[in-house]
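What follows is subunit A paired twice: with subunit B in the first complex and subunit C in the second.
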Partner chain A sequence: MGINRRDFLKGAAGSGLLLAADASPALAFGPRTPKELPPDAVGILFDSTLCIGCNACVFRCKQANPHMALRPEFNVPIGGLKIHDTPIGLSENTLTVIKLYKHDGGHSFIKHQCMHCIDPACVSACPVTAFTKDPKTGIVKFCKRVCIGCRYCQLACPFVAIGFKWDEPFPEMVRCQLCDHLIPLGKYAACCSYCPTGAALYGRVADLRKEASRRLDLEYGEPYRFPVNHIESGRKSFRPAAKYYPNIYGDTEGGGLQVMVLAGVSPLRLGLPDLPDVSNAAVSEGVFKTIYKWFAAPIVLLGALVYLAYRNTEEYRKPKDEDD
Partner chain B sequence: MECHEVDKNGKKLGGGVSRRDFLKFCAVMAASIGLPLGAGSKIAEAITDPNRPPVIWLSFSECTGCVMSLLQAHHPTLDTFLLDLISLDYTRMFMTTAGHTATALRDKSIEENKGKFILVVEGAIPTKDNGIYCKSGGRTALDILKDVGPKAAFIIALGSCTVWGGAAAAHPNPTGLKGVDKILTDKTVINLNTCPPSPYNLLSTVIHLLTFNELPALDDKGRPKFAYSRTVCNNCERVYNFRAGRFAWQFGDEGHKKGYCLFALGCKGPQTFSNCPSILFGGAGAETWCVGIGHPCCGCAEEGVGWTLPLHQLGDPLYHFPPSHFARIDEPVGMGATAAAAAVVAGSVGIAVGAGAVLAKRLGKEEKKAKELSEKEDATVAKEE
Partner chain C sequence: MAASEPLGGKIITKPFIFFSVIMFITLIFLVERYIFGLGSMTNMNDGFTWGIWKPWLIYIGTAIGCGGYAMAIMVYIFGKGTKAHYYPLLRFAILTSLFGYTLGGTSLIVDLGRYWLFYEFMLPWNWNLTSVLLEVGLCMALYIGILWLEFAPAVLEKLKKKKLLRVFKKVFFVVVAFGLLLPTMHQSSLGLMMVIVGHKLSPLWQTNLLPLLSVVSAVMMGTGAVIAGWIGTAHIYKRPYETNILSRVSVVMMGLIGAYLVLRFGDLIWRGQIGLIFAGDVNSFAFIIENILHIIPLLILASPANRISPQKLFIAGTCLLSGGTLWRHNYLVTGFCPAPQWVFFPAVGEVVIVLGFVAFAMAAIPVMLKVLPVAPKSDH
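So, the complex of A and B:
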């Protein structure tokens, strides 16, 4: 080794100084500023106390997304409609699924799907911007032509809501896109437009949040007119309110979600992850944007390596002796 | 091929019914009560008994719909029922006598058959102001029921009104109508719900009483289990549409025309216990029951549903035990390899590795040997040369 202790310490101190100079103290390894909800963002309010487990959403979702959601073997037309399978979880063939939570005192249904985070981890993790967040509706969209198939998004998603078409030669990532292909046709998410009880309710996130907090304020058994399908559809279902667990899952969890859940039990018992109020994307981006600010860390690292290499090769750069 | 057969007592069977048809009827009856087919012969014996059981049929605050629905029955027809199965000693609907004569006949029969007759009650009983809102022969319904009820062997409350007030007791219920079991609290009342009641539920119950001389199995609300143990959805022909989320959203829309589930129109089938879809209504033909003809069930067989909940309010599915086809929150994961399995696998791997090592070693040796041998041979060959 051609480096002595003194030089090594000098180099180390130098790079430390450089790093310290680059990272402003307020942002040092902290989360970056969380992203804001677009004012006209759309989403879904899922009320577990209203869900009856009819699976209309699962079936209609597969019908509305035939290009991605039906395997050929299930593509059997019966009475002009296609039959559905009984999925056990989200996958490349299932964009939404109704799961059953059972315990001694009763049971509850929960709709699993892409939660359309306000600050989505998949968008942050994607190295090629195949995932984008629509600036107007807030829908997280996927572009097949850009995707390189690294599946970082699958690993990043805290809800395990992204599927990958393993059995196709040219695969793609598959997840709920809130039926954005129906929006130009004047329609909205198929799961909500066919939910008979209003358990899955579509609308502007701001309106849905107000609706959710109104429901939490209801007394147990108090009659209430629950909006059905779309919060502005005018359809109402009149029934007594159930007992709510006092939390809107998705109000703050994971930096806020556009798909929110109300339930009679803690949403964590319904298979939803316990997320901090700061999104994973903000934390990880905070760390790596600190390290990579002005590309400082790589430059410092490269500089140190070059220096080391230079020191180590000093002997070889000396003019050669006559003896050899 | 009418063959008028005569039973052991010399009585002609069923007014021109062939023996074959008669036994068929008994077997059908046995099946509809949920008895084994062998019970058919017992039923045949019971209903050809010349001592037909006396029946007193009391009518209170009602619309006569129960009797009208009974007229629709055709296996057996009402005349067979009335003339051959039972001895209907008093009813306001079918008696030729009227007034005090009829009342006298009723009282005579009750006194003669005390503790033996079947009492069929039709209509709710007003209780407000001592029940003055329904009177017959100068006596209030409340008074008649309290007098006759305790003397009966069996009491059948026919129709929703009789069971819990039904349409008559809908809010605000100005005359304080109540069901029979609220008034005769110390007697077991067989409650036959639905409005109007299915005639076959009544016939089956009566035949059960005649055959076994005891009550059919009743649930906690006093309803015979053979008819009221399942929800309307359980046997509904549209229920597969419910499970696939295919709903009629409006009367006359595409889903309604295609026969989809009527849940979204406010069908109360999920919370109403009745056998309507199994036995249909009144024998008028295939799919002739409320949901079959395209109207959501209004829950007439269930107290607290029919005439209580709004007609098009969504029903509340009662999943006492949700079906197992739903995905669970935590799908079961295997417990992994047991120690024995791991040992077996490790042993096999060890054997394979050992065998491979030995094989490799031998292979090397053999090669070496062969090489040495060939070298030697080469050397000898070279020497010889």
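So, the complex of A and C:
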């Protein structure tokens, strides 16, 4: 049998080289530098302790986004009929939804929607740049004109907040864009402008963060003037503060979010994922950009391979008559 | 170089008819998909947005199709002075790659939601340079072209285009070099694509080493496909088993399986997640099976007597193939949980489409073997 030690060692050394070539960047390089929040970025502060579950935001959201052709979803029979729009989760027809979570005899409402990450995975993942982050408002926008429907954005999104029109032959992706089409009209996110209690509050993220920390500093039961609709609207709702869980979800989670959540219990118990402070996009790009920095590694490897292949096909290049 | 010859024989056989019937059934589902949308015949949803098509047809299909890549590494990189030994099976390996990759690429026409805009992917001003998928897509498209070029000599020989063949042989090394570079790039990127999903993938699989593991695993799966595929072919068509080549290949495989297992378990220990193996849930069960399928071939190939036995080699090759397949299935489907409320089990239509692509390969590969000079020339 023709297995000799030399060949084995060569093979082993070769595989080792192959491994080393690939391993060094993956092992040695950490995440790329985190993205910064644009100073005038806008967002939403959702305060679960103020939400009464009226679903005005869900209804107004569909009304405010006619261009996305969001249809009502009849999931719950009421009096034997399915007539009310009762979405049970985010989908191609629902960009925001209010969910009820029960815990320890109490309950909390939570608003699910695109969280407008400061360092969004969808923007990093989309191969055709259909997703962009507005440099001024920080709103993550989607342009369907170039979308090829690969659905990598859905896979990458930590909140599963991107919908796909599964039942259409010519589908598209659908997601919350914080009503950026209303901004030129002097309006803002429909869910916030119609929220009666101020649970969903629109405003500059910097202002919302300050507002959120003020609320965390409140004593339980302390009377407080909660801003309603827009943080600069001047409208206030005067009521005692609830007991807060001492964490602003979205302050650091996932590299920071422009949609933040305050709640009476840990937001992780309200269906929000437990995200590390480094965004997934930064981790992925850290590895990716190291391997492909200046495209140097592939070019060097190609050079070596051309040389080896040239050397090892010497026989093959010689004109021979064996094909006759 | 060792010469190749067509196997000859009838084209329309019973298996050919069987696979054609499966392809016809697939067509019915395809009509449904294009008229009523993806949701009509799949269980894909916003959580499990990739279902099983990309995992099976792209991730697993192209990894099986890495036979050409694996054999080319052995022939052109470590083959100095020994290429006469590996060479005969190279063309067969490239044929399997040709199908693995071409079908994987073609499956995108079915899988892409907005397939009619596919050209947007090719336009440089659309490219998002942070997207791992962009690298995978472009690199794979290029490699499909390279594979057809690598396979071209077989076609040129058949057509007796001697002049063209001679010119082609002169520049062949450039094709070979690209054929080695591109799979290294996109197979590692395929693994890297899952890094961005973060917590949605179980820590048993989620690691920054995914790109490295994916390349190693692709070489192992490709080789497994060549070993099992060739022994199967040789058995059916009464050809020599070429065990002397396969035994040399399997020695290299042992090194690779060992390296893979060390990386896999070392990484789990390094990240402190090794305890999840004993969690007793579906993930831990899947993990154990997946790794047993990697350990069995290592044990089989450890004995020199097994390395020249066609049966044992076939078992080892099949295990390697299924182990790699399961690993990919696990890190894309089993270990993937977008959020607790999402559930997924593939619909009949999804499975049929996958089977349709497999049936196409199973019907077409024998035809290619019979018509084109691919199989190594037998001496008797």
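Here is the rule we use: the second predicted complex is superposed on the first by the 254 of 324 C-alpha atoms of A that agree within 3 Å, B and C clash if a C-alpha of one lies under 4 Å from a C-alpha of the other, contacts with A are read in each partner's own complex, and residues count from 1 in each chain.
Just so we're on the same page, a contact is a pair of C-beta atoms (placed from the backbone, for glycine too) under 8 Å apart; a residue touches a chain by one contact, two chains touch by 3 or more.
None of these values were measured; they are calculated from a predicted model.
K.L.:
Quick one: classify A:Leu218 as touching subunit B (first), subunit C (second), both or neither.
P.N.:
A:Leu218 contacts neither subunit B nor subunit C.
K.L.:
Between subunit B (first) and subunit C (second), which, if any, makes contact with A:Leu308: first, second, both or neither?
P.N.:
After superposition on chain A, A:Leu308 lies in contact with subunit C alone.
K.L.:
Which partner does A:Phe59 contact after superposing on A: first (subunit B), second (subunit C), both, neither?
P.N.:
So A:Phe59 only meets subunit B here.
K.L.:
Looking at A:Gly89, would you say it contacts subunit B, subunit C, both, or neither? Reply first, second, both or neither.
P.N.:
Both: A:Gly89 reaches subunit B and subunit C.
K.L.:
Could you look at A:Leu182 and tell me whether it touches subunit B, subunit C, both or neither (first, second, both, neither)?
P.N.:
In the superposition, A:Leu182 contacts neither subunit B nor subunit C.
K.L.:
Look at the residues of subunit A and decide whether subunit B or subunit C touches more of them.
P.N.:
The partner making contact with more of subunit A's residues is C.
K.L.:
Kindly classify A:Cys143 by the partners it touches after superposition: subunit B alone (first), subunit C alone (second), both, or neither?
P.N.:
neither
K.L.:
Should A:Phe238 be classified as contacting the first partner (subunit B), the second (subunit C), both, or neither?
P.N.:
Only subunit B is touched by A:Phe238; subunit C is not.
K.L.:
In the superposed arrangement, which partner chain does A:Gly271 touch: subunit B (first), subunit C (second), both, or neither?
P.N.:
both
K.L.:
Under the contact rule defined above, give the subunit A residues that sit at the interface with subunit B and also at the interface with subunit C.
P.N.:
Touching subunit B in the first complex and subunit C in the second, residues 89, 271 of subunit A appear in both lists.
K.L.:
Over in the complex, which subunit C residues touch subunit A? Could you list them?
P.N.:
1, 3, 34-40, 42, 44-47, 49-50, 73-80, 82-83, 85, 112-118, 120-121, 126-128, 130-135, 137, 157, 160, 162, 165-166, 169-170, 172-174, 176-178, 180-181, 184-185, 188-189, 192-193, 195-200, 208-209, 211-212, 215-216, 219, 244, 247-248, 251-252, 255-256, 259, 263, 304, 307-308, 338-342
K.L.:
Can you list the residues on subunit A that touch subunit B in the complex?
P.N.:
Going through subunit A, the ones touching subunit B are 52-60, 79, 81, 83-84, 86-89, 97-102, 107, 109-110, 194, 196-197, 237-239, 269-271.
K.L.:
Going by the contact rule at the top, pick out the subunit B residues touching subunit A in the complex.
P.N.:
Where subunit B meets subunit A, its residues are 242-247, 258, 263-264, 270, 310, 313-314, 316-317, 319, 322, 325-331.
K.L.:
Report the residues of subunit A in contact with subunit C in the complex, numbered from low to high.
P.N.:
1-3, 7-8, 10-12, 14-16, 18-19, 22-23, 26-27, 89-92, 121, 123-129, 146-152, 154-156, 158, 160, 162-173, 271, 273-276, 280-281, 283-285, 287-289, 291-292, 298, 301-302, 305-306, 308-313, 315-317, 319, 322-323
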